[in-house]
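Chains: A, B and C, in written order; residue numbering restarts at 1 for each.
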Amino acid sequence: MFNPFFSNQGPFKIRDIIELLSASSSTNNLDAEVIDIKNLSSANKSCITFFHSKKYKTLAKNTKASFCISTDNLKDQISDNCIVLIVENVLVAVAKVTKIFYPDSVDDEFDNSVLLISKTEFKDSVIYGHNVLVGQNVKIGKNCIIGHNTIIEKNVVIEDNCTIGSNTLIRNTLIKNNVSILDNCIIGKKGFGFFPNNISNYRYPHIGMVIINEFAEIGCGSTIDRGSMSNTIIGKNTYLDNQIHIAHNVQIGNNTIVAGQVGIAGSTIIGDNVKIGGQAGISGHLKIGNNVEIGGGSGVIKNIPDNSKVMGYPAKNIRKFLKDNR
Amino acid sequence: MFNPFFSNQGPFKIRDIIELLSASSSTNNLDAEVIDIKNLSSANKSCITFFHSKKYKTLAKNTKASFCISTDNLKDQISDNCIVLIVENVLVAVAKVTKIFYPDSVDDEFDNSVLLISKTEFKDSVIYGHNVLVGQNVKIGKNCIIGHNTIIEKNVVIEDNCTIGSNTLIRNTLIKNNVSILDNCIIGKKGFGFFPNNISNYRYPHIGMVIINEFAEIGCGSTIDRGSMSNTIIGKNTYLDNQIHIAHNVQIGNNTIVAGQVGIAGSTIIGDNVKIGGQAGISGHLKIGNNVEIGGGSGVIKNIPDNSKVMGYPAKNIRKFLKDNR
Amino acid sequence: MFNPFFSNQGPFKIRDIIELLSASSSTNNLDAEVIDIKNLSSANKSCITFFHSKKYKTLAKNTKASFCISTDNLKDQISDNCIVLIVENVLVAVAKVTKIFYPDSVDDEFDNSVLLISKTEFKDSVIYGHNVLVGQNVKIGKNCIIGHNTIIEKNVVIEDNCTIGSNTLIRNTLIKNNVSILDNCIIGKKGFGFFPNNISNYRYPHIGMVIINEFAEIGCGSTIDRGSMSNTIIGKNTYLDNQIHIAHNVQIGNNTIVAGQVGIAGSTIIGDNVKIGGQAGISGHLKIGNNVEIGGGSGVIKNIPDNSKVMGYPAKNIRKFLKDNR
């Protein structure tokens, strides 16, 4: 994953990672170093990866990572070139390791580095309202407009010809040319990902960002959370209406239309030219094909192939839904 | 439609409109002028109108407009006194013509004309919080209260005894006496209306406004979009709870109660004394009668006659819903 | 109910209450005084209480209050030691009496007493952003962080190690140690409780507060309304995702997880270790047990016992839901 925003504190020695996780491992090479933690398919031999579900066994057999966090049950399905660190809970372990690589990615405290835009390099190049704040490591292109009380926190890139409304807050986000973000949005906060724990939940790091592609529009009062280990992506010329919630790691294709109050849960992937009616909800980790139409109020709980029209809760073929409910 | 806010750039010559639309027409009177674009029933002989669906054929037969944008299929159903401009896509054509009459109505860039209220004529007549901004062409009556960080953009009328909360943004809106608008609302932005186009969607002009009538209350975090060719209207003493979304052209009657997180899609008309339960959704272009009760979570996809009680998705008679689901 | 925030204007003479309500009563002791209005179980002999539904007849028989507002139908089921004031509509009468005891609890006008935090006692003890406002009767503990444009109105206690985001507004709320409240929230406004009336609805007083317990997290764009006659409570280590609406008097237990866009209607009580999926809605006055799982999109309209898994609208056993919809 391309990630310009969270600085990597690695490398770390395997000895230290084993100790952090109270892991068991057969390796003698405790002084070996890893420079990053990545998923099974994107990790290279300088990385540590993780394998927590049989679903990914083909990827595990072929990973190029030198080290892999996994369980006793799964350890035999991992590439022979990869040394396994055995733990009880893989995802908690991944959270701990990601946190040492990317310590800034866990909390979302407000950005104390912001200045009034009139005191920054953007004071002459941007048209802006009252009380606009801009943080460190921000780029803003040509012909951009930013409304009143809007806060562009650190780690934001806004390309050319973009319009940002009033009362909006953006962090950890890459906004391409000609995007409109309307009023009262929160873009780029950490996702709702954590491991439950009865005294205080254990938060999962979110080192991803939000990417909003060309000509997209985001309606008022919407929230788009940044990704955990990947990015949250809104496609080109995709329009979101008001009060929409897009969870972490969601990817929406191009020319897609999402009506008011829709919610899309984490890691779901949505195709191009999709139409989603108002108040529809889509569960996490699903794949919605291209040219799909989802009726208003639907609850989608399984994958939808290309060119389908669905409606209902759970969503089914729209003709069947209307016939069943005549 | 009474519209005090968007200035009309007309008249325009029919010659220029035909050219803009690449329309075909049998008229020889290319120098004729039209002063406005209105719908079939409200247009007079100085106007151009439009007819895009058989549903409106009775209105088309009786329109008083001198010119009408329509299609080859529909042209024979239009009043004999009205000259037809034939196009392929009526609504795209209407968008183009409306945009030349009302060029300000397409974009919703923040209002750069606002001043701190302490620098305006309202500094002594309004009770206001910190950082309140007020734009051009705003009127505020007696005994009004406006909370912190609230922005009253241009083209807003607030009558007497109104309370506006904090962090709220209002534009293109007429607020009658004794209305309360709570915190974090966005009132009067353009609706989610556009014609899909694969490079960049073609936005529909929104020349309507929002009208909020006497004693109404709008809950926190709600969004009410202004109308496109008509107004969005909230009735007298009608109460909206938090996080409600009211789309463009919706009309809600008097003494109606709308619970939290309800969404009402574009152009739906809702009667008086209606009760709508939490999270209910109502599709667009429907008519909900007087004294209707809609159960929480319902999805309403067809018209509901007066005095009905409905629940379910799709919504049906509430007794039937409860019996079917016993 | 422990209530540090709304000052009680009592005592009041029974004579004045009878007159206010146009009540009828057999008492001769018109000079007797009552110091507060409380519900049947918490009222003591210095209080007036109320009894409006047979459901509470056991409590009515045992109340310690000296006076009770009720109806002619119900009067014989009230404790013999308690003098009844007979009215037509008990709840309207309660609203009127509560309003004279707690006149500040009806309106939610913005707090005009706030100052920039840099002008308060908290300027050195809190880490804060731009344009942070703090009202009267506020306490903020050690190691707290408050983001940009956030307003802490009067009557708020924030204990130690709390993080409040940007653009958030808090009033009438008690926040315990180690709580996080993210951006754009409205916490502690009056609930959506009123008695419909065709000229102008009659608002119910809200003298309760919001209590958010240790290690809880409240997501972006959420609204939590304060209680009317009791408090709205979020349990320890309970996490709420974005765009959630919690109505007045709701109580949520500990270690509960609530996903995005969920709505919980007034006076519902939710147990510990509950998981609620995205966009689920829960009707008012229900009891959801411990360890319950509620699927995304569900509409819960009846009580749910401990350890149940439910889904659907109306919600039923999740296995049955999935089987019925295969």
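Quick notes on this one:
In the analysis below, contacts are C-beta pairs under 8 Å (C-beta built on N, C-alpha and C of every residue); 3 or more make two chains touch, one makes a residue touch a chain.
Here the structure is a predicted model, which means the values were calculated and not measured.
To overlay chain A on chain C by their CA atoms, one rotates by 120 degrees, a value rounded to a multiple of 5. Of all residue numbers that take part in the contact between chain A and chain B, under half occur on both sides, making this a different-residue interface. Rounded to a whole number, the gap between the C-alpha centres of chain A and chain B is 35 angstrom. Touching two or more other chains at once are residues 131, 149, 167, 184, 221, 243, 261, 279, 313 of chain A.
For chain C in complex with chain A, the residues that touch the partner chain are 127, 129-131, 145-149, 163, 165-167, 178, 182-184, 215, 217, 219-221, 237, 239, 241-243, 255, 257, 259-261, 277-279, 296-297, 312-313, 325. Listing the residues of chain C that touch chain B in their complex gives 107-110, 112, 114, 116, 131, 133, 149, 151, 167, 169, 184, 186, 189, 192, 194, 196-201, 221, 223, 225, 243, 245, 247, 261, 263, 265, 279, 281, 283, 299, 301, 313-314, 316.
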